[in-house]
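Listed after this line are the structures, all set down as structure tokens.
After this come two complexes, each holding chain A, first together with chain B and then together with chain C.
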Partner chain A sequence: MSVPEVVREARAVLEVDDVSVSFSGRTILDHVSFEVRPGEFTGLIGSNGVGKTTLLRVILGLQKSSTGAVRILGAPRSRSSRSIGYVPQKVLLDPDVPVRARDLVALGLDAHRIGLPRRSAAQRELVERTLDEVDATSFADARVGSLSGGEQQRVLIAHALISRPQLLLLDEPLANLDPKSVQEIVALLHRVVIDHGVAVLLSAHEMNSLLPVMDRVVYVTGGRAASGTTDEVIRSDVLSALYGHHVDVLQLHGRVLVVAEPGAATDDLPAHPTLQLD
Partner chain B sequence: MFSGFMVNAWEISTIVAIVAGMVGFFVVLRGSAFPAHAIPNGAFAGAAGASLVGIDPLVGLGVFSLLAALGISSLGRRGRPDVATALALVMMLALGAAFLSQTREFEPQVLGLLFGDLFGVETRKILPIALLAVVCVLAVATLFRPLLLTSLVPEVAMARGMRPHLIDTAFLVVLACATTMTVPVVGALLIFALMIGPPAAARCFTSRPGVALGASVVLALLAVWSSIACAYLSNWPVGFFVGTFCAGLYAIGRIYEVLAAAMSRRLALR
Partner chain C sequence: MQLLFEPGFFSNASVRGALVLGAIVAVVSAAVGVFTVLRSQSFAGHALTDVATTGGAAATYYGVSVLAGFISASVIGAGSIEAIGTHRVRRRDIATGIVLGAATGLSALFLWLDSSTSTTGATQQILFGSIFSVTGSTVLDASILGAAILLVVALLWRPLLLSAVSTEIAAARGIRTKLIGLLFTLALAVTVGLTSIAIGSILSTALLIGPAAAALRVTRTVVRAVSLACALGIAATWLGILFAYDSKYWSSSGNALPVSFFIVSIVFFLYLLTGLPALRRRFARRTPTSVQGTRPAPQAASAAMRTQ
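Presenting the complex of A and B:
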């Protein structure tokens, strides 16, 4: 394929165009539009229950939207898109399930194939290299069910990365992780974006740990979304319009705090671990 | 011990152990022990019904286990899978009770379906059972990787465009097929022991999925072969030995795991 470099760079990896979803009359997503471009780190930010997971399911093709469309690399999304890697929050497995971290990563290569696996030396080498990329070599032979949350995240990221997707979707990967693991996973994903030019779309209910690496933000509340660079979106006027009531955006020591005036409903504001002194 | 009717027993038990070990690996991995119990138990009603209308019980077994598998799969999709499985089981047992009440003629046969009749296998039955076994083994080998991924991380499999529900249904059909061939031989109660004990024990000895699958088959073979030998020598029922050895294998596996962990801790301290 001789696509000119300029054209390829300009094309969005993911276009979410005017997507709405409602369940039994209740609107979950209300005409949401945004783009994810190659090699960019995008944060999908919003508190729990604002429709982040539904949006990810629409992008993955697991949920139909009532209006709008999702395009992957300019084409309407098909069910078996190999250009998207997906990382769920956690693997729910017993520690005695006989599957090692490296087995799960290798399945990223060929789980859709039939027959017993016979992997070539080149494929085993690729598994090894991918494990190394996510710093999982030290626990590659441990059973997946016995790993910690942060270690499982690395293995799941490696599983998704090994098929060289253009877009990596992560559903709340930082929830339930200790602060050190959060930093490690964010640094790892930043490295993936830089080294492989993979676009990352990561949902989170807390944005401060992502501020140093986030190129763009999609801020979701009440089913509606605002998107752009952090400077364009995380502003008092933009977020007030989105929330439908006045909110202030405070910048403190390189961190962001979104606060509502006293008396306003605040349960839709994102979480603020910054209030703890850490 | 290796002549006459015993030849059939050795042959058929080898076939059954290979199938139970392979299918059982995924029964344990997917947490499908309850369907693995319900399908063979419910299928016995099919055999009773078939005898009543005068057709081969194997056909009745096949039809009922297939219906059970599809029922569990389609009901479990909408409601709780365990409730769907229980109701499928209850439904078939109710039919079984109705069929049995019609005649007392085949009561010994029914006992044979529940506990198996390993020493009474006729030579003409070996070929159809061997064919069903080949189907089961090929199906598990073919679906190995999709089954593995959908069992481990169904959301990821779905995002990759795989259909976990379709794969689940395919697996239940394989389970039904394995049930049909093995119930007349080792009985509805014992096939369950062979499908759970050896695979669960195999997991204690290895962390590799492929090796665990092989170990599960080897342990199932060990369990049935030693059971036949013990039953032949002692005149106790073969089912007693199969059940005891399968549970025993699991106990040995657990003890091995504890010892291995203690050993590696001691080595690490050095």
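Presenting the complex of A and C:
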């Protein structure tokens, strides 16, 4: 084995290198590159339909890319990579399915194994501890499908976390949650990043709730992406270049607004609940 | 005792064969049925019973084993449905419908040929079962196949369960969801063959889906659902066999009523019965005390949200 020429401070958990995807002639992702480093909270920001889910599916190996490559911990991703935990968008958990929160978390340990589940005392203890970590102990015995949106997110996060992944991918986990649940889930993920050194990559169409915890941002629009720290990316010049037309970045009361000049197409701007005034 | 069990029930060889076959079919149907309901494949399961009819009718016409006919047709049908497309729910439904239609046409042909060449009630046996007239070797074949299906379900248990919760999460974890789905559908096809021989091809859906759906209404975990579905399935088949045997002594004509009728009726009754707890909860919630204007305690409020 050759010695790597460059010893980085910390090897990237995830490297997305020059990834392009197109569906029937339409380009969804156009040469996207970025890195996610250990113990960092990265926001994948962009309005609906810019290809965030497609990008996450490429990272998971569920979608082939036409150019580029994805590396997990420096190695090309393999199908059964359990170093990635995944919380998909809008999981429709049926209340008629008799799977308790506890059962779903336990499946996070061994769902890939064959045979009937026989879990050791240590494994059951780990399930309890993981439920506790996401504050799900009080509803651990309820059917997952009967839980509220925020409660389901907690259970899905616990399911993804219990196998101790290096990278946690979450696809729009904050969509359709009430503001209090959004805060709770963001705080929970922040705690996970700090306590376990897990890298979190979370997609969202609204970034303000993530500003306090986000270490880095990957901003996607029109199939292209800019990445860096929030200060490096959420700037008028960077985003104007990305959008291809002039946008202003306003900071107000610790919130960020991305605003296009009047007349410019604004349907590709991420959602701004506070921008109702015009 | 004499009131319940008419003379000869326990010494009759056909009754004993029926009880054994009934139990095997009930247990296999329970395990497969629960996952069929969880995977929303009930329609595919029902379509396979129609395909099985074709096989049973063809086997009778060509004079080969009816069980083999049921199973091979059902497996071919399952393969065709999987081959045409299972990617999207709607497409799977269309594929299922196309295969079902084609098979039913063939059934019509073979059943017509059967009834024109023999007068021994072959059509009756294919459609409504032959649990009292199965041979010992058929019971042995059924138990071997049943054991094989149970083994497949036990091996696939966890990947099947996670796929039923979310195919996406399962696929992201590296579970081969398509392969798992294909293997399960094949197990389902063989199960349909077994239930067809017992209570007839057109009634086998009842035994496959009924006890499973009933058990899922009142249980909290899949293990308990399968156990309860086994118990309900065995209760339905054994009681059905008993009533059919006894009916010879009640009916004015002295002919026994069809066993499949009794089994399916009991399954339906059990399904209604397991709906009672939910019904009671709904009425309990409508009582005036629980809808009064006072703010519920936080815990009660979150519990109420959960049950919505």
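Assume the second predicted complex is superposed on the first by the 264 of 278 C-alpha atoms of A that agree within 3 Å, B and C clash if a C-alpha of one lies under 4 Å from a C-alpha of the other, contacts with A are read in each partner's own complex, and residues count from 1 in each chain.
What we mean here is this: contacts are C-beta pairs under 8 Å (C-beta built on N, C-alpha and C of every residue); 3 or more make two chains touch, one makes a residue touch a chain.
Note that this is a predicted model, so its numbers are computed, not measured.
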Exercise for the section: Kindly say whether there is room for both chain B and chain C on chain A in the superposition, answering fit or clash. Expected result: clash
Exercise for the section: Scan A:100 for contacts with chain B and chain C and give back first, second, both or neither. Expected result: both
Problem - Touched partner set for A:178, first chain B, second chain C, both or neither - result: neither
Practice task
Report for A:148: first if it touches chain B alone, second if chain C alone, otherwise both or neither.
Solution key: second
Exercise for the section: Kindly classify A:139 by the partners it touches after superposition: chain B alone (first), chain C alone (second), both, or neither? Expected result: second
Practice task
Go through the superposed model and pick first if A:84 touches only chain B, second if only chain C, both, or neither.
Solution key: both
Practice task
Considering only the touch criterion stated at the top, classify A:114 as touching first (chain B), second (chain C), both, or neither.
Solution key: both
Exercise for the section: Could you tell me if A:195 is touching chain B, chain C, both of them or neither one (first, second, both, neither)? Expected result: neither
Exercise for the section: Report for A:125: first if it touches chain B alone, second if chain C alone, otherwise both or neither. Expected result: neither
Handout entry: chain B/chain C common contact set on chain A
Key = 60, 62, 79-82, 84, 86-88, 91, 93, 96-100, 103-104, 107, 110-117, 141-144, 156, 159
Problem - Residue ranges of chain B in contact with chain A within the complex - result: 29, 141-146, 148-149, 152-153, 155-162, 202-204, 206-212
Problem - For the chain A and chain C complex, residues of the former touching the latter - result: 60, 62, 79-82, 84, 86-88, 91, 93, 96-100, 103-104, 107, 110-117, 139, 141-144, 146-148, 151, 156, 159
Problem - Residues of chain C that touch chain A when the two form their complex - result: 38, 154-159, 161-162, 164-166, 168-175, 216, 219-222, 224-225, 302, 305-308
Completion exercise
Residue positions on chain A within touch of chain B in the complex are 60-62, 78-82, 84, 86-88, 91, 93, 96-100, 103-104, 107, 110-117, 141-144, 156, 159-160, 169
